[in-house]
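Two complexes come next, and they have one chain in common, subunit A, joined by subunit B in the first and subunit C in the second.
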Partner chain A sequence: MKKPLTRDLRRCLGATSVLSELGDLRVYDCDGLTIEKRLPDAVVFPATTEQVAEVVRICSRHDAPIVARGAGTSLAGGCLPIGGGVVVMLTRMKRIIEVNVADRMALVEAGVLNLQLARALTGTGLHFAPDPSSQIACTIGGNVATNAGGPHTLKYGVTLNHVLGVEAVLGDGTVMQLGPLGDRAALDLTGVLVGSEGTLAIVTRVWIRLTPNPQDYRTLRVTFDSLDDASNAISDVIASGIVPAAMELMDQGILAAVDEAFQFGFPADAEAVVVIELDGPSVGLDEQRDRITEICNRHQAREILQASDAQQRALLWKCRKMAVGAVGRLSPSYCIQDGVVPRTKLPHIIRRITEISAKYSIRIVNVAHAGDGNIHPILLFDERDADQVQRALAAGKELLEDCIRCGGSVTAEHGIGIEKISLMESLFAPYDLKMMEKVRDAFNPGGGLGLGKVLPSPHAPTLLHAAVSIGDV
Partner chain B sequence: MFDSIFPGSETIQVAHQSEVAEVVAAAYAQQRPIYPVGGATSLGLGAVAGKPGTVLRLAKLNQRVDYPSRDLTITVEAGMKMAELAKCLSAEQQRLPIDVASAESATVGGVVAANLCGPRRYRYGTVRDYLLGLTVVDGTGQSFSTGGRVVKNAAGYDLTRLMIGSLGALGVITQATLMVRPVPEMSAFVVVPLPSLEKAESLLASLRTSELEPAALSLVVGDRLADDPDRGAAATLWIGLESSEIEVRWMLDLASRLCREQGLPAVFIDAPDRVASIWRGLTEHAAVRPDQRAATLAVELTVLPSRTVAAAVRLHQFDPQASLLCQAGNGVILAWFSCKPENAGELVTRIRKAAEELGGRVVVTDFPPESRLDRSTIWGPPGPEIRVMQRIKRQFDPEGILNPGRFIFE
Partner chain C sequence: MNSESLPITSDRNGRTTLQAAVRPELFLECVHCGLCTSSCPTFTELGDENVGPRGRIYLMRMITDGTLDALPTVRHHLDLCLDCRACESACPSGVHYGRIIEPFRLAMEEEKHRGIAGWDWFRTFVLFGLFPYAGRIRLAMKPVRLMQRLGLYDRFERLGLFKLIPGRLGQMATLVNPPVDQGPKLPSFLPAIGRRRARVAFFVGCVADAMFRHTHWATLRVLQQNGCDILLPEGQGCCGAIHFHAGSNSGARRLANTNVDAFRLDEIDAIIVNHAGCGAMLKEYGLHWQDDRRAQRQEFSEKVRDINEFLDQLGPVAPTGEIRAVVAYHDACHLRHGQQVIDPPRKLMELIPGLELRDLPESEVCCGSAGTYNLNQPEMADRLICRKVENIVSTGAQIVLASNAGCLLQIGREIRRQRLPIAVLHPMDLLDLSYRGEQPELPGHNGR
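Then we have the complex of A and B:
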């Protein structure tokens, strides 16, 4: 059964673009959610849209499920090959086809790295606004699949707001061209494909909206003795009518790890640091900075420092973006969660995280895109201790259920993948989910793309039960 | 009142969201068409309904559901008027930066369903960028919710985006949650009378590549705004600026320098009353006057922003009397032609051909009802993706009762 599949794939793509040896396949058995693993039957590396379409047709003939994958930085198991099948790697499709400065748009292949695009745009005065922390590794196709965000979404919006159109391959191998011009005579299929985690179509090219670089920045590092004061200050800045470019919270636990890694000199006894960035024309920035300073002082800020030059600003952002990686110094294993609450509920949810941490005896450290109400609590545990694993999972679940109770959601930018399928029924009513199923059936009638992801279904894997085989790590 | 668009249909007014579901469920059982209508400001968009049914008036469904202003979000029922929404938000110095003509009639649900916007779209975007979630009744009379009430949400498929611009053909919108923005401290205009339409080309190019980030870049040809300082000019460019006062003053300086470099005079307007009047004028300019409907063809032409002037020149060649409102930063041109009903179809074909030569598209947004333009003339030829759209339509509206024949679907 599998032999004819790989044979057909090789015939289509050439032997060097198809992997089927066990040792090779192991590399693709999971993504950033390392706790779950499944082996694919084959991994393919198409170089063109036509090849992707042909692979889809072959898989359809062989009834093999398909997982489209970029860099595999998903933290929600979006790239897990459930039921085996074929992993379609889009990393060879990495051409920047067109940069149109006059119209502020670019056409790129799905495998282009977020950072590669940023570098290619140097000197144009334009940039692609979504800047997830994984931007050195993640691909634009992956950004589209998860509707990726990042710190600067506070002012600039998420990937959806920066995608003008896509080229996509449907489950039957049909190629669709959507955009880049807005089209009144059509449904916004591009808007539906963004964030659909590869379960509706395989996006092969993306029309990107480019954003002008701001003329200037003010980047502040505000230190608070109390976490409560920090989250209240953030909530007040939003309510005051200022829209900073970014407003990022890091708590004491994560600061210790970051400091150990980068020796940035964060005060060890402060409960929180908030990085606030303002951008735009220089003339207006000092006034905004002064208003923010005043709000922070009202909430007992201990210290407010301003990055004095581009180098200091870059270092501050490096600390923030490498923060999660630095957690490896604190714990053998960790799980980064992604939840979102209405922005005024930030102080509440941050307090709940502390309570939940105590309740389950699981250490939790925090980073947050706080201006958006998007929290990233990082749960620390030892994967070798089954009891700890269970407690960490239970703590994570309680936290997300709390986000739902606050009127929020279980993911702001990482996606549902397989990790959060079980929470979909808490977040949406049965008929809401039924309508999503109908949309999936309209795009992907056979269900072969992204099998078992996003929506509850018989294919959705039962995850992380007590028998999870962590012992061999 | 609606007989020219929905001949032979009865009208039902609803005041509660649950009634919408009841009415649609009954219509589903009888396979009788439902034509949802909000403020009735965009009924010119879409073909004349082929079958009699029920016109479902939603304007009484107008309650504010929740306004946590410190979260910068608001949830309202779909029949709330845009002017009422604006009033509610302005009490907290907030706003939804989507300009819609006839805001005292247009409803939130209608604006979503018809994907309306105005001059501010250049800086602030469209409904797509502000809508967080919806409650909708599908073609079987069952209610579902999409998205949520938070500003970032990656859970499940984005059915919210699917509903924007779906013109009531996938469901009847009963409630919407929107992200809102603080009202900027100051708003002002730089107005540039142009000796020729072509002269706009180099000025727009220099504005687009400058550090200026205007809220609007509107080029008006033909019919002029009441506030136009020089109605003798061939065209007028309105550069709308919004931000803190200090930034607006800086942008005024920069804009005037860029105009001077092109040898063009620029008029500053910063008196709040006049500025408000210009925003209103640019927004209302888009509406076809009811007394002119019988002899007016209105189209929306979309091209790459850098081709806006070239497209405007082509339209002007067809008819030097035509009126154009170009959102030059977005490549969107609204054009009105005086036109006898019997000539409308042929004129659309010619305009569409010209647009396609420039890589653009054309949709008819209003036409003399007597001309009975068909769907393909109004919306243009569909691409292969129509198959997916038709499958979605069948899933959401299995009996085809929602606004049949008006949008791209049968």
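Then we have the complex of A and C:
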């Protein structure tokens, strides 16, 4: 069965766009999540939407599952080729087709990099607002599929708020075009596709809403002696009614790694640094900054610095965005959680993280899109030590249980993928899940696209930490 | 994580084996996040994880673990790596990619060339027989130089007749830069002009001496202008990078030791090198081999400075000669990624009155030269140089600058091929002209 599949794929795409030898397939057995591995039968590199559609038709003829893959930075195992089948790489579809400054729109192919688009927009006075930390590598298609967010999500919203329409190939090979402006009156199908993690369709083109660059910025770096003070200050800023563009927390552990990487000069003995950015019309920014300064001082801020120019601001953001990656300097393995709590519960959950870390003797460092209540505790361990792995998993479980107990959730932006399927039944009522299945079956009738992802099914792999059961909390 | 040294493990016959080539801890630094992929020229061109840094690390790790055989396709993916280290600059985890790929490829090469079946005339005679010796290179270039003098070279190049010369030799012939007055043989000492601020030794090298002696002269004059006494020690030779990267570990070590013997470190403040490829190699002498001379090589390495880096640290004497030209600066990989020297050459160029330095898009992406890469992987090298020249043209520059022999040759060839009115120079060429109050020769609009 496999031979004819690759033969048909080669006939359609040409030999140089199909990989099917063992030596070529191994690197596609996982993405940013490495604890599960599955080997695909083939990897293809289509260059056009029509080729993507043809590949989908060939696969459905051969009953082969399909998984779309952009840059493979998923932290949730979204690119895992469950059941083998075909990995569809979007990396050769990376044309920026149109930038329409007047209408503030852009049309790009799915494989365009987030950063590539940002560079292309320099000088237009416009930008694509979602700025995930993986920005330098991840694709727009991947951003759409995972509904990616970033530090500036606090003010500007997630990817969904910046997509006007998509062209996508459905599970039966049909090419569907939604938007960019035509379907306002009808059902918002674009909204259904964004965040569907490749389980409804393969996105081939995206109409992007461009956002005007703010006239001015005030970027503050606030240092706190105690983590507790930092989280209380964040909570109070939100309560004051000011909406910063971003408010990011980094704790002592992560600061050490970042400083080693970029020599930014963070004070080594401070427990937390909060990066707060205000943006918008120049008028009023200073006043808001002063109010924030006052709140931070009330919470014993040790030092408040303001980036004096664009270069300083860029470096500060680089440090923040590279923080997760820099964790590799602290430990051979890590597991990054993606929890959400109501913003008022931030001080509580941060305290709980410290307790849990001590309880399991597992080092935990923190970055957080604090303004959103989106925490990323990063559990450090050595994968070669089975006991440590077990303790890390148990600590992670207790942490997520706490998020839910606070009235929060277990993912804000990294997606469900395979990593969090086991939590779906706790988060959603059976009826909700049924509805989602019906939607999936409508777009993706055979279920071949993104097989075993997001929704519970017999195909979903049982992960080690699928042991996390939160039904009883 | 301690990874300062790189022991190359050998089997009983003293040969490096593939599975033992890389210390396993080095792999653990990589957390598989994928943030490096977009910095990689070969991944960007082909979009295949196999030819991106994360994929290559994964492949080498699996071979080391014994979970994947070193299949021909896998070897090909690793061969296609430029060793440009862009991924190292991009990686937030601080993965030492060079320390993984280099010993690994060395082991691959050694394995390949074991026994008669793997014997390669090009490698034996050309790479190892020719390159380390400036004199022999100059001799070998004689036919090409003669053709250039007779005006035949241009016609040959235009008609693509160099293609008739077999493979890599033909590639090499087209790389030869047009003849310029190279200046006389280099002396053994040059005194500082004005107040003496430093005493340095100059590293001469092989290709650099044979093809860019005029740039050596320019560099020496710039050093003099900046108050440096310059020693040019006898007995120094090729840096060994070509041997090292083509898989002759022992040859490279021999050359390294020769150089270490040639320089008297206590007499000098720094060893100056003006080509990035050599500089990166010299700075890594202390890293590559574990034997009783390691400490000596390490001391040598610590004294090595790229010329741009050195002048920037010394505080350059401002040049006064005005040069009205638009220039673009290309980052040689071995300077930007290998040595993390990024701003100094730009700052130096900004000192030249009248010069307009424009941003070169993708300046940090490899031009495809990468040592002898353009000889071994011409197809990928071609893709990369076309991309590079397209970017250069987009800036409207009249002069493109690069601080490395390989880049100068590679970019120069493509610019000749496309008959573009752009001069290709080393930053020191330009700085020297400004000190001397002279103008660069800018090509006219009919190409040349």
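Going forward, the second predicted complex is superposed on the first by the 461 of 473 C-alpha atoms of A that agree within 3 Å, B and C clash if a C-alpha of one lies under 4 Å from a C-alpha of the other, contacts with A are read in each partner's own complex, and residues count from 1 in each chain.
By definition in this document, contacts are C-beta pairs under 8 Å (C-beta built on N, C-alpha and C of every residue); 3 or more make two chains touch, one makes a residue touch a chain.
Being a predicted model, the structure only gives us computed values, none of them experimental.
Number of subunit A residues touched is higher for B, counting subunit B against subunit C. Look at A:G191: by the touch rule set out above, it reaches subunit B but stays clear of subunit C.
After overlaying the two complexes on the shared chain, residue contacts for A:L19 are found with subunit C alone; subunit B is out of touch.
When the shared chain is aligned, subunit C comes close enough to touch A:L113, but subunit B does not.
By the document's definition of touching, of the two partners only subunit C reaches A:V324; subunit B does not. Of the two partner chains placed by the overlay, neither subunit B nor subunit C lies in contact with A:S357.
When the two complexes are superposed on chain A, none of the residues of subunit A touches both subunit B and subunit C. Subunit A meets subunit B in the complex at residues 100-104, 125, 146-147, 149, 153, 157-158, 160-161, 170, 174, 176-178, 181-189, 191-192, 194-196, 200, 212, 215, 235, 238-239, 241-243, 280-281, 283-284, 287-288, 338, 340-344, 369, 372-374, 407-416, 420, 424, 427-429, 431-436, 438-443, 445, 454-455. Subunit B contributes residues 68-73, 93-94, 115, 125-126, 128-129, 138, 142-146, 148-159, 161-162, 164-166, 170, 181-183, 205, 208-209, 211, 213, 243-244, 246-247, 249-251, 300, 302-306, 330-332, 359-361, 363, 379-380, 382-389, 391-392, 394-396, 408 to its touches with subunit A in the complex. Residue ranges on subunit C touching subunit A, taken from their complex, read 1, 28-39, 47-50, 54-55, 58-59, 62, 68-69, 71-74, 90-95.
The touching residues of subunit A, when paired with subunit C in their complex, are 19, 21-24, 26-28, 30-32, 34, 43, 45, 71-73, 89, 91-92, 94, 111, 113, 115-116, 134, 136-137, 260-261, 322-329, 332-334.
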